[in-house]
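Each of the next two complexes has chain A plus one other chain: chain B in the first, chain C in the second.
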Partner chain A sequence: MPSSSKPKAAFFDFACCEGCQLTVLQLEETLLDLLEHVDIVTWREVMTGESESYDVAFCEGSITRERDVERIKKIRETAGILVTLGSCAGIGCHNAVRNKWPVEELLQKVYGTEEVVSDAIPARPITAVVPVDYQVLGCPISLPEFVSVFKHVLTGRKYYPPNQPVCVECKLNDYLCVYEKGMICLGPVTRCGCNAICTSRGDACHGCRGLIENANLNAMVKVFTEMRKLHPIMDAVADRHRPTLEQIRRRFAVYNNWPELKLERGTTHGA
Partner chain B sequence: MAPLKQVVSSEGLFDMLREAMKELPVIAPAERKDQPGFHHFARLQQAEDFVPDYVTTTLPPKKAFFQPSETLFTFTTDQPPALELVSDTEHFVLAGVHPCDLAGLDALDLAYSQPPAEVRWPADRGLATVVGIDCMPDDYCFCSSVGTCLTRQGCDLFLTKVDRGYLAEVYTPAGDTMLAKVRTWEPTEADIRDAEQWRERKVERMTAHLEADPAEIADLLEAGGLAHLWKETAERCYSCGSCNTTCPACFCFDMHDEFDLSLKTGIRRRTWDSCQLLEFALVAGRHNFRQEREQRVRHRWHRKFLYLYRRLGRAYCTGCGRCSRACTADINLVDVTNALIAHARKAADHA
Partner chain C sequence: MVRDAKINVHHLTRVEGHGDIVAEIRDGRLEDVKFAVVEAPRFFECFLQGHSYEEVVHIAPRICGICSVSHKSAALKATESALSVEVSRQTRLLRLLAFNGEVIGSHILHAYFLALPDFFDAPSVFPLVQTHKDSVLRGMRLKRLGYDICEVVAGRHTHPVGMIVGGFTCVHSEDDLIALRERIVQGLEDMKETVRLYKSITIPQFERETEYVSLTHPDRYPFYEGAIHSSEGRTISTSDYRTAIREYVVPHSTAKHAKWNRREYMVGALARVNNNFKLLSPTARQAARDLGLEVPCHNPFMNTVAQVVESMHCLEDCVDLIDEMLSHGLVARDESVRVVPRAGVGIGVVEAPRGILFHEYGYDDDGVCIAANHVIPTAQNLANLEADMREYVPQILHGTEEHITHQLEMLVRAYDPCISCSTHVVHLTVR
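Now for the complex of A and B:
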């Protein structure tokens, strides 16, 4: 197949650590299989040169300045298909932590009186600015999911980001529940698709893929702060560090800041 | 007919597994490397890793036959597509299966034999020699409430701890062959009595009980009027599906196709599913006939204790307690079921 007949793909980054595009590079030899299907015309982290014309845009990062809004709108107009990579682009991630403070106050704190950034705005995911065709969530993205989404793009199939909690992948892998190790885990309300990578390595879920639809946050508040009849599982959690509501909020605030997460005690159960 | 009984020493049991491992993979409860004191069914690396007195495992042994996610067939995009079934062919030994889990396998045998009958499940079941072992309950076990305490269906050999080792009940020639590899003794009256006492002690030690038998629970659920209970339970429920994904009697799965990067070939994969998950009942047009969490909670109880009880003649609960142990929100099946029994009986009295 002559290369000109392949769709052109471009990678773009906004405010982020650029770890998601680095993750794509970790495909190594599989990357060559991808190149059978597309020509990569822009990818600053990987190659020199760029193109004004492309069919599929892979975009990572959050929108944090007026000029980012213009740039992503232009990308959206150019690309037939827009794919977001990672949680910065999908749910705002760490970038949106700063939204708790007014932009002017932050600029003053970080840069003093010098005007370095004149067009800063509250941080937001790409998904909040332009319509997006495909989303790969995660901090960073998971490679198997990236490849799966890539195949969906090529075959024109719709892709729904997994909407099941991480508990499903933990159980299907027969991992021990991290509650048993006395750890607080956001897995029961967090989207899976990561194949429970953190719990597989002995950590708990930190919620990097954002909340599942219809997440029962009231249950989470109750489970961690009010549980009376303790379970052996809950004993382990309670003995080591029964968290306060504020601590649970902070745990969520690492990744889940767009929109701001309301984590309150259920009205029927009192404070 | 009563099974042939032989006594094997504790060392003899390990020798038997060691002998089996010379020829076949042996899957059995072993301690988890990441957390001592917790066990899982795993392929033994050495016979010593087998833990005969384990209490429970996160996943039931059904995973030895139906992996949580497995490939059914490969396909090509040719017209017509070329399909090739993927099947397991390796024989294996599944050892250390408790009576409740034997009941779980039996429940799946029944469910998967209903039309349209499964092809793969019975084929995979035929690959295993199953060695059962009797157990002692923890606070979550309630097998005496659902009649699975003494299940022996589907096992080739069954072991009960006695003073001088294990009393082995031989159910099939395959079990006999396994046992014949090691030295055994004719059981004495004392051995038989030890095994009987073990079973009595097991029931005595059971602290969790359903306050009605499965037949009455089915009737009470059918009578309804329990909406407030489903609502209360749903308020606490995450819908994380752990109750289903750890259940030995749950058999629902989802299927999807995955292409290779060539986009010319692919696989059809099936994965365990859970009726508690939001998208379980999602159908074309984004319609969801159990959108509300309380509908899904109710469905779980109805499915386990009403629909399948009426259709297949048994509750689809083995009393293993895994759902309550695994629940990330501390919802206990026995407590909820007893609450509904109490409420429904009271309502019936006032009627």
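Now for the complex of A and C:
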């Protein structure tokens, strides 16, 4: 296949740790296989030179400044297909934790009493600013899902991110439920697709891939705040923590800040 | 010979994060040169406040995807110090192992994929796949090996899993460590080949004496633990870091700069090698000699060579660490100790691949974060980098504008800046 007939791909980053790009680079030899199918024309972190035109844009990070709004809109206009990488781009991730303070106050905290001019705005995911064609979620992304989405892009198929909770993958793998160790785990309401990597290592799910659709959040809150009454498995969690509604809010706020979640103490059925 | 030029490298490529090089040459004289940081603000130190200690150590590695094990380790050490938590010997050894894996992965990423294209006049590693395929594949193998070391210890490299306050929630079997050890021993051959590759490369000649700051330790090359040392002959306890390292705002830059004994200092691989040469493994010391790295070395371009030397050391150290763990027998289960929240302040200092890194947290009675401070390697290097640029440009004015620009780009890359890391760094116009 002559190289000119390959789609042109570009990588862009906004406010983030750039860990999703690095995860793509960890494809190593497989990345060379992908290069058989696309020409990478812009990727600031790994190459010098850039192109004004491209077919597919891979974008990571959150939108945190006015100028980034303009930049992502231009990328959207240029690219036929826009793929977001990671939870900063998909759900706002940690970047949006700061939204509970006004921008002016944050600048004050960083620069003390000096008067400053900044175009910082409340942080938001790319998905809240422009329409997005494909999303790879996670903090960081999972490589098998990236490769799968990449194939969907090349073949023009729609990709539906899995819509089951992490518990499904956790149980299929026969991992120990970390509630038994007394850990606060958000697996029951968090979108899977990570193959339950955190619980596979006996760690808790912190919700990095965002919520499943129609997640019953208030039931999840009830599980944590009234747990002893609900099921014996929760005794370990109750022994170790006595989570308040505020603590549960904080745990959800590690990743899920856009839009702001309305959590209430066990007011709904279904727990 | 360049008489008048305005050099403006917008968003320097092949570095982590966004930075611009701006230089002005008038009448054959350098008027001004700076490295401006234009990374989007992220405000970690603000928004960590209000989160529990468990969440703080979960979020902190997300400061940077390249050095997330370093940030994780600094956050864990600071938090464990604040909460008076003692970890097991095995936890310490596993953390040292993961740390080596990160240093190898990060250094190889820089030495092969970010810096190397400059020496072959290529815009990126991609054309080198055609012209220097063996080297590219070797770089990939070594980088993967570094990250796989992290994966065995902590599930993955970027944002490690199961490293919590008090220890590890999961420890792999001895068989996994034995298999990893075999791969590391094989990797040493690739590392020797890397030394030969770098021996064939001409590093730009430029020297400027400066202050070098790193951790130091009585008996092991210090990445994870030690005291703070300056090449000016001063060593202080990590708890005194605020009395030594001064961060300050400069009018032309949006990033805070740092100083200690001199007006600027350098951190990173070259600083560590200069301050701790004797603690390197014999093979790594030999590699340094083969590559013309004699301490003290005052050529910042040699930082990349120092990274190659350190990668050699880290690979060998991994073998020693695994042997030590196997000799004690591995406890392959959740071996984290129970943590009881309490009020306290703690400081965690480690050597991230790019230099000395400070995390400090204050917690209330419930273990909720009430104060956070991070001092990031790249921010500490900015003043030194600009001092290098001011001295280097007059030495290369005989070249073309293109040559000067390329040399400046290479100089910045030699520092391997990690700009996303620089959480202090905020792009603002001060009115």
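Just so it is clear, the second predicted complex is superposed on the first by the 256 of 271 C-alpha atoms of A that agree within 3 Å, B and C clash if a C-alpha of one lies under 4 Å from a C-alpha of the other, contacts with A are read in each partner's own complex, and residues count from 1 in each chain.
Keep in mind that, in the parts below, a residue touches a chain if its C-beta (ideal position, glycine included) is under 8 Å from a C-beta of that chain, and two chains touch if they have at least 3 such contacts.
Small disclaimer: the values here were computed from a predicted structure and weren't measured.
S.K.: Put chain B and chain C onto chain A via the superposition and say whether they clash or fit.
M.R.: The answer is fit.
S.K.: Let me test your reading of the model: by the given contact rule, A:F14 touches which partner, first (chain B), second (chain C), both or neither?
M.R.: In the superposed model, A:F14 contacts chain C only, not chain B.
S.K.: Looking at the overlay, does A:V110 come into contact with chain B only (first), chain C only (second), both, or neither?
M.R.: In the superposition, A:V110 touches chain C alone.
S.K.: Quick check for you: in the superposed arrangement, does A:S5 touch first (chain B), second (chain C), both or neither?
M.R.: neither
S.K.: Is A:M47 touching the first partner chain B, the second partner chain C, both, or neither of them?
M.R.: In the superposition, A:M47 contacts chain C only.
S.K.: Could you look at A:H206 and tell me whether it touches chain B, chain C, both or neither (first, second, both, neither)?
M.R.: second
S.K.: Identify the partner contact of A:H94: answer first if only chain B is touched, second if only chain C is, both if each is, neither if none is.
M.R.: Touch status of A:H94: second partner only.
S.K.: Taking the superposition on A as described, I'd like to know which of chain B and chain C A:A219 touches: first, second, both or neither.
M.R.: The first partner, chain B, only.
S.K.: Could you look at A:L25 and tell me whether it touches chain B, chain C, both or neither (first, second, both, neither)?
M.R.: Second partner only.
S.K.: If you stack the two complexes on chain A, which partner ends up touching A:R251: first (chain B), second (chain C), both, or neither?
M.R.: The answer is second: A:R251 touches chain C but not chain B.
S.K.: On the overlay, how many Å separate the closest CA atoms of chain B and chain C?
M.R.: Least C-alpha distance after superposition: 5 Å.
S.K.: Considering each complex separately, which residues of chain A are in contact with chain B in the first and with chain C in the second?
M.R.: 181, 202
S.K.: How about chain C: which of its residues touch chain A in the complex?
M.R.: It is residues 11, 13-18, 39-47, 50-52, 55, 58-59, 62-66, 68, 109, 113-114, 117, 123-126, 129, 137, 140-141, 143-144, 147, 154-159, 161-162, 164, 169-170, 249, 334, 420, 424, 426-431 of chain C that touch chain A.
S.K.: Which of the residues in chain A end up touching chain B in this complex?
M.R.: 30, 33-34, 36-37, 147-148, 151, 154-155, 163-165, 167-168, 171-177, 179-181, 185, 187-189, 202, 212-216, 218-220, 222-223, 227, 229-234, 266, 268
S.K.: Hey, which residues of chain A end up touching chain C in the complex?
M.R.: 14-23, 25-26, 28-29, 32, 35, 40, 43-49, 61, 64-65, 68, 93-95, 97-98, 100-101, 106-107, 109-111, 114-118, 120, 139-140, 181, 197-198, 200-203, 206, 247, 250-251, 253-254
S.K.: For a test of understanding, state which residues of chain B touch chain A in their complex under the given definition.
M.R.: That would be residues 32, 34-35, 38, 40-41, 58-59, 63, 68-69, 139, 235-242, 245-246, 258-259, 261-263, 271-272, 274, 277-279, 293, 325-330 of chain B.
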